[in-house]
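Several structures are given next for inspection.
What follows is subunit A paired twice: with subunit B in the first complex and subunit C in the second.
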Partner chain A sequence: MITVDRPRNCEKKIGFETRMPRIPLRRSFDIIKLSYHGCNNRPFFHIVLLKNISKRNAPPIEMLGTYDPMPNMYNEKLVSLDIDRIKFHLASGVALSKPVEKLLGLSGLLPVHPMSFITAKRNRQKLEEQAKSQAEQEEEGNADKS
Partner chain B sequence: MFCPLRNLIKSSIAQRILLENNIKKPPMVNSVRFRKPRWLPIAKSKEFYVRKPTPVIPEEAEELYMRYSKYRADVASIRLFLKEQLSQKSVNFMEKQGKDDAADFKLMEEQVKDYNNEVAAFRQERQKQEVQAEQERIEKVVQKQQEERLKRTLEAEKKLERIKAASFIHPNDLDQAIEIMLDSRADYNFAVTNSGEVIPGRICLQTAL
Partner chain C sequence: MAASIPFRATMSYSKLFTQLAHLKVRWRGFASSSKVLCASSEETASPSYGNTTERDPFPIFVDNEVQDLLSKITGFDILKVAGPHKRHLEKPKYRLLTDAELKGEMAAARDRLSKRLQIPPYMNPRKPNVTPLAVDPDLAHFDTSNYVFTDVTFGIKDRDRTVVVRETDGTLRIAPWDVRDRMNQIYNPREGKEYLKPQMFDEKNLERMIWEKKYVYILDRACCQFEPDDPDFIRTTHRVYKAVDSAGDHDDLRSTRHFGSLAFYLVWYKMADSLLLDMLKRDFASDAADLVKLYSIVHPQSACTTSLKQLSSDSNLAAVVQVYIDTTSTLSSELQLALQALEDAD
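After this line comes the complex of A and B, so read on.
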């Protein structure tokens, strides 16, 4: 990893050596993000309000919902959101992580995230290709039979 | 030590920053390693390793750029709208709460007044009773004291009468008393020796001893 900074103190000279450059402190702000609460091969996320500096599964400032990324027997990925509180936090200028932005876009609170358009496009392309290849295979099979 | 990767990255970042910010001074570039100490050299197998950049499809990138700019503007406007809504809500809430508070205060005042009146009536009755009881007590005490005083005066009078009867000299018997007094004069002008003899003084009355 590489961080870039322009500290003011770095040019102070101690004897003939320059001072060791310092890593600047990270700016802290509140953010709504996902925290992992599943186990092996069974992901499950809580949607929580946390400081950006705090650990992923730190005790949250506020819990705002859950997200189950594994489709259930009806092929649904279940999301629960505390919309009122999320609205409040949005109004008070809390940041959102990218996955949360995507979820909120799909849920209809925010506009659909640009990246989800792209992924949808890619998935569509993949499906088309699969369909094409299947059709070709079928044609080949028919030709062999005849 | 020659390290192409680090130099490459350093130079690229420095260039970018220079271009972006148009600064004359070169920026400080600090490589951070979390697992290994910073003085250890790069592993030999990774010495000339350069990560392959993630492939970017130009069409997609363009689309993303356009969409992102719109998305960000939309989200910002939504945030602003929500903020306004929230502030309005809070203002409405404050107004409503103010009204509610005033009504509540009025109701409470009335309730307190009623309660005070009720309690005052009760208290006045009680105080009346207390005053009456106190007066009765005082009367009793006074009566008792008077009785005692009467009793004492009676006793004193009785005693006085008794004493009067026993020893007081009546004006009618004055001469007789004086005579008796004169007859019963005592002379103490004498001395007593160790052996108990009484030696009378020079002038000795007959009545002495």
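After this line comes the complex of A and C, so read on.
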């Protein structure tokens, strides 16, 4: 849908009807997404509610949690979620970014994201291949010795 | 653009709402199942315990009558409760007061100090939750590390907080207690509590500190560090109580918040004789009688309770203690002597 903007006072002066078509404004809606609050080589994310058109680290409408993607000494990645507020925003039809959808899927709040299953399958395949090649190498080594 | 807004782009509102309804059921189910889990694990785990721990001490401990007795025998030595302790240097404040105002101030101070004597709860150790919430073998190896999800909803209490773990093999389960404690300390830090368990609670260091008789310090620190139903808390405190009892240092804990717990522990395991002897030797006759009453409440089936009931209600304190000596005591001769001395002094 292209709207043509015609300033009325300009029309008479310039004297022609058609002007360059303007690009329409982007549709604006609320979205829950990650904003980067780490520093160099130390990622740390806030889970925030923002307008889709605002900048990544813009002051959020609401902060809904945090996500630390670097495993701690117990090999855990920590996620905190403000469950009550997230449920409220979901009910009022907010959009979710893909990483947030995956996190909520893993937390058991939403159904598991299909992409998580696919990555899991790929990782398993990779591991199987690694194990296979390792076994072959060992067999070759044994054959050489004997 | 469409990829970043999947719900708007791919899902109609009706579908989203059905999902949300499903989700609500899931979380409700989650809460109720966790309760069921606790209940069932208690039922299954209890028969393996000894005779004394089979009963849950907590309902007896929080009973008003028991609490009254415990706070009565704790005593209130104002020098010990508000005694000298480290604080920042301040100039003293002087005010001119009438007698009535002074009385009011003293009463307020006493009220304030009595809060320091709140007795930490005496509980059985908590049971682990073993049943997973969801098992998803298709999700195995989705990542190389576990994900811990913590509910940080405003106003939620540490004990009610939901913490779940998605493990690398795809199972979703309620977080183990140690993980829960760590998450509570990360998202709701408390003063005096450490993220890692201090080394002083290791067996070796604990023994050394007990040998140095730093009872109150250990118990205070344990109260800060652990939940009252943490097995570590129970192990540490019971070890200290046992040491205090065998060394006869009951007076060190008097007028501190730990005296009630000590008395309850000793009564619960039927080892209160030396504490009773200590009370009689220090002329705390009413405390001794209260201790015997506590014994009769905690062990309603014992011979002591039945003979206490036969006593008339206005009988004196010595008679109450005498009943205990006659029925249940293992140090009866010494207790008898101490009681005799107390009566002679009167």
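Heads up, the rule we're going with is that the second predicted complex is superposed on the first by the 126 of 146 C-alpha atoms of A that agree within 3 Å, B and C clash if a C-alpha of one lies under 4 Å from a C-alpha of the other, contacts with A are read in each partner's own complex, and residues count from 1 in each chain.
Methods note: a contact is a pair of C-beta atoms (placed from the backbone, for glycine too) under 8 Å apart; a residue touches a chain by one contact, two chains touch by 3 or more.
What you see is a predicted model, and the numbers here were worked out from it, not measured in a lab.
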{"item": "Which of subunit B and subunit C A:L127 touches, first, second, both or neither", "value": "second"}
{"item": "Partner chain(s) touched by A:G93 [first = subunit B, second = subunit C, both, neither]", "value": "both"}
{"item": "First, second, both or neither for A:G141, with subunit B first and subunit C second", "value": "neither"}
{"item": "Which of subunit B and subunit C A:I23 touches, first, second, both or neither", "value": "first"}
{"item": "First, second, both or neither for A:P114, with subunit B first and subunit C second", "value": "first"}
{"item": "Superposition-derived comparison: subunit B or subunit C, residues of subunit A touched", "value": "C"}
{"item": "First, second, both or neither for A:G38, with subunit B first and subunit C second", "value": "neither"}
{"item": "Which of subunit B and subunit C A:P59 touches, first, second, both or neither", "value": "neither"}
{"item": "Contact residues common to both interfaces of subunit A (with subunit B and with subunit C)", "value": "87, 90-91, 93, 110-111, 117, 121"}
{"item": "Parts of subunit A lying in touch with subunit B, wherever the complex brings them together", "value": "1-7, 10, 21, 23, 87-88, 90-93, 110-111, 113-115, 117-118, 121"}
{"item": "Of subunit B, residues touching subunit A in the complex", "value": "9-10, 13, 17, 23, 25, 27-34, 60, 63-64, 67-68, 70-71, 74-75, 78-79, 82-83, 85-86"}
{"item": "Residue ranges of subunit C touching subunit A (in the complex, touch as defined)", "value": "3-8, 13, 16-17, 19-20, 23-24, 26-27, 30, 133-134, 136, 138-154, 162, 164-166, 170, 172, 179, 182-183, 186-187"}
{"item": "Complex contacts: residues of subunit A adjacent to subunit C", "value": "29, 31, 52, 65, 71, 74-85, 87, 90-91, 93-98, 101, 103, 106-112, 116-117, 119-121, 123-124, 127"}
